[in-house]
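Input: one structure, supplied below.
By letter and in written order, the chains are A, B, C and D; residue numbering begins at 1 in each of them.
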Amino acid sequence: MDWMLPPAFSTFAPDIDRIYYVILVLTAIAFVIVEAGLIWFVIKYRGRPDRKAYYTHGNATAEIVWTAVPAVTVVVLGIMSGPIWNKVKGRDSVPADAMPVGVRAQQFEWHVTYPGADGALGSADDFTVRNQLHVVVNRPTVVMLTAEDVIHSFFVPAFRLKQDAVPGMEIRVWFEPTQTGRFELACAELCGLGHYRMKAFVEVHTQEDYQRWLAEQTQAAATQ
Amino acid sequence: MATTAATLDQAIHHAHVDDRSFLRKYVFSTDHKIIGIQFLIMSLLFLALGGLLAMVMRWQLGFPGQAMPGGGVLPETMAPGGVLLPEFYISLVTMHGTFMVFFAIMPLLVGVFANFLIPLKIGAPDMAFPRINMASFWIAVPAGVLMVAGFFVEGGHAGAGWTAYAPLSAMPEMSGVSLGQQFWCVSLVILGLSSILGSMNYIATIINMRAPGMTWFRLPLSIWALFITSILVLLAIPILSGAAIMLLFDQTIGTHFFLPADGGQPLLWQHLFWFFGHPEVYILILPAMGFVSDIIANGSRKPIFGYHSMVFAIVGIGFLGWIVWGHHMFQSGMNPTLGMTFMISTLFIAVPSAIKTFNWLGTMWRGNLQFHVPMLHAIAFVAMFVIGGLSGVFMAATPVDIYIHDTYFIVAHIHYVLFGGSLFAIFGAITFWYPKMFGRLMSPFWGKVHFALTFVFYNLTFWPMHELGLKGHMRRIYDPSEYEFLQPLAPTNRFISIAAFLLFAVQLIFALNFVLSWFFGQKADRNPWKDTGLEWVPPSPAPHGNFDHTPTVYHMPYEFSHPHATEDYVPQNRPLEGQTRPAAAPAGQ
Amino acid sequence: MTHAHANVMLPPAEAEAGSGVYNEKLGMWVFLASEVMFFTALIGSYIILRFGNPSHWAAPGEILNVPVTAVNTFLLICSSVTMVKAFAAAQDGDQKWLKNWLLATTLIGATFVGVQVYEYLQLAHHGFLPGGYVEGSELAEAAAAGEAFKGGPPLPASVALYGATFFTMTGFHGFHVTMGVICMSFVTFKAFRGAYSVTDHRGVEVIGLYWHFVDLVWIILFTIVYLI
Amino acid sequence: MSDAKRHHPNYLAIWAWLFVLTLVELGVAFLTIFSKETLILILIGLAIWKALLVALYYMHLRFENNRVRIMAIAPLPLAVIMVIAVITEYVW
């Protein structure tokens, strides 16, 4: 069984993965101590007719140690995790130059609204595409996440990004892809019988490709 | 003392002449032991049912879209031609979680053992309110019936997960489920009443009815755990009842508590549910920890290591459990600053848990380990709970949770704490107190076989789920093969399913052992495990009224291998060699 | 420590300190703790929802009939004093007044429920229900026209949350009073059978605790639901 | 605690207090001199005052031992924690 995380392609993914591996190591140590201890005791102190157990009610120093060590460990963990959490989800974490995209989740599909040429949402040249999220590599994108009917969850494993979409709320969540290509976008919150097939894809373009794609779309919109 | 004498005399007199009709004795009994056994049978059946549902789920996950062997018996609305429908699958997940949490593990831990053990272990003739106690069982029954009935109503059973997130759970037009979800709400409200009446009884009994000398710090850890658990039940369940009622209103009488329309607040449901829900999960582990402490001390023939810190750890977990609920909502759109605070509080639960874990190890250290079946399960509990607990730390760290939230990593966590933790402890506890319940021992041989096979197949089933989660495998999905990035995991899923089927199959050994030992098991004497608790003072099975005279308690529990004692255990009602302290020691009040 | 007669009003196991009170009383307090959490779910949700959407609530007395409920509040306060008087009578072994006060309490309690039913009917008649306004009702009309109903500030466009929280909270309080009345009539009945003595009047004290708790909840509800 | 002819607190006085306080509430609630915030504070203050009277005298908490008092107030902190935490949802 392998405990490695799959490759990740967003700017904050490495931070998340690092924390994960730190915890993996710490918990592995705790795990080994406990399980090894168990096995060792089970073998060494297995019942013998002639053996009499050592009568003790405890040992203060030992107990202080195994209270303090985990306490310190979790504090360290907290201190390490906090900044990363703020960087990804924090109140004012969204980079100023991020490209806005509107994502509206609905049973069981994703409606993605693009700002069009003017780069601003809510203007006349906005256009909407189903189940395709096109973004530019090495450029932060901010997703204006809304839900039509029930709660869904915007999950891009390759970006290590997950955020519920709640009806009645507009949640801003951002990411910056570091690699062009096509990645899967999944719905991670039970939203009804079609939850399992509420999928889309994220297409990460170079700036040029994106412009080209944008042009096609706007034309298509115009010709209709 | 006159009072004590008076009230107890009645109880004792009762103990001798037991002239109750069959109905009074076994059906509408007010005897805490009978009620405990009634709960035991009910919840084991629900455990089997929950397991069965899991098997059906596992079939779909392992062999997506293929007709299930024997699935043909299911009606068209569930699995036409044996192939599960998506809507049926999510009802299965929902009901698997619901049955296991509310109708199997919770009644097993609290309904069964709180009832059976508290009066016996504190030296009381019965509960403080025997009639209310009976009511709490007979209220639970209709709740269960209603919850099962939900499968057969128009529109199928509730399909919003055991967490019933609104708005999905509140909008029939979105979920396609109407009656089923309403049954779910009503059933849980009724069950909640039963639990509240129960815990009210347990709390009053433990506070007021301890035998002379049974001071707070002479209570066995199982009783401490059940006491704190009862407080959690008492204060957490009403929140669920209130929330479920509001959810029911949203579905039926057109209110808007959790619907976004007109200012309703979907996240409010999650806050209410988890404000109940996290204490709930500790309700599901604390008693298990208590039983394990009793059993490990007994199996190691040693006093529990650090009794007092064990008590404080239980209390600490019980308290911290109230201020961590937000860790289920990190990705829900909740205020991220709250996320920070909840992360810190959550991480800190590792500390009292560590205390318990290492104190169990300390108890086994330099012991004289007796590997009887309960002890095996208790050791497995420690080994498995640690895995579940440690995986909890990953999710507690908010950045990591962004990725693993709502994936199979959570599912793995759930099952390591709930099956590897609670259920192993329950198997151990059932075997341990079985003789006191039925006067016979469960077969040690088949017990060991069941333990070994369960332990193996259990790990084969749930360990790989960590990997699924790490690769991004979402929860509650009907057909993983839909996603490209999940297709490489298909073999793992199939492996898990097969292991799960075997896991279920070997549970039959337990079922048979449980049922057959009732009639053919080896007769047990008063104290088959040579334990120190008061429950071993009366004969097995304990008579109505428990003790023929109120025991007096002289010392802490777990006085095993006392240097001056001739035997390697000194029951709590027997003074230690050379002990001259008065019975009702004011110490430790 | 030795009484002439076994006093059941004392905790059973004197050997251990326990709670210092007898089981039934202890049990009732424990149960009330649970009730507090139940009302926390309802009242808490109300506070949270209202804090989030202040504009969804009509001005005090604009829709709700405060005078009537004020009378009801007064009734409940009276029922509390009659209840506690009954308890005092029980302690003094004054059977006559024990019965009278208990009877009074039961009747006042029943009246309270009656008045509340009347209040609900009246509200329904005006078009105020858990779902908010009823289409075509006076209230709906007034709200649509952006007018006031009783000459106060104009009605909010939607009172869905207002209706939902109002009926849930007061409804479950009313339910508790009803339960109380049922138990109270039972206790009263037993009192008339002379079941309560100076040394054992647990039933009276325990039902009293419940009764006062329900009164206490109403005191809170009346303020935060009707007056704020 | 149960020997006959004991001295009772003046329950009728408490009743009078409750009555007066309710009248005050009604009076204040429909005055327009206060800002909404102060009004709410005043009303809640009065409500708590009344509630305390009931709890302390009618429910005898004033005369109970501390164990019972603790039991009575134990759930309140939890209630407060829950409401405060959730309300912060709206203020960010």
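Basically, a residue touches a chain if its C-beta (ideal position, glycine included) is under 8 Å from a C-beta of that chain, and two chains touch if they have at least 3 such contacts.
Everything numeric in this text was worked out from a predicted model, so none of it was measured.
The chains other than chain B, linked only through touching, come apart as A | C, D. By C-beta contact pairs, the most connected chain pair is A-B.
Averaged Cα coordinates give chain C a centre that lies 14 Å from the centre of chain D. Averaging Cα coordinates per chain places chain A and chain B 31 Å apart.
If you average the CA atoms of chain B and of chain D, the two centres end up 38 Å from each other. Under the contact definition stated at the top, the residues of chain C that touch 2 or more other chains are 7, 10, 19, 26, 30, 33, 37, 40, 48, 52. Multi-chain contact residues of chain B, defined as those touching 2 or more other chains: 235, 239, 261, 264-265, 267-268, 336-337. Chain contacts: chain A has residues 91 touching two or more partner chains. If touching chains are joined by edges, the resulting network of the protein chains shown has some other shape, matching none of path, cycle, star or complete graph.
Across the complex, chain A is touched by residues 85-87, 90, 159-161, 165, 167-168, 171, 174-176, 260-261, 264-267, 300-303, 305-309, 331-333, 336-337, 339-340, 343-344, 347-348, 350-351, 354-355, 357-359, 361-362, 364-371, 379, 382-383, 386-387, 390-391, 393-394, 397-400, 402-403, 405-407, 463-464, 466-467, 470-472, 474-480, 482-485, 560-563, 568 of chain B.
Interface of chain D with chain C (complex): residues 1-6, 8, 11-12, 14-15, 18-19, 22, 25-26, 29-30, 39-40, 43-44, 46-47, 50-51, 54-55, 57-59, 64-65, 67-68, 71-72, 74-76, 78-79, 82-83, 86-87, 89-90. Partner chain D is touched in their complex by these residues of chain B: 235, 239, 265, 267-268, 271, 275, 322-323, 326, 334-338. Only residues 74-75, 78, 81-82, 85-86, 88-89, 92 of chain D touch chain B when the two sit together in their complex.
Interface residues of chain C facing chain D in the complex, by the touch rule stated above, are 7, 9-10, 19-21, 25-26, 29-30, 32-33, 36-37, 40, 44, 47-48, 51-52, 60-61, 66, 70, 73-74, 77-78, 80-81, 83-85, 88, 91-93, 198-199, 208-209, 212-213, 215-216, 219-220, 222-224, 227-228.
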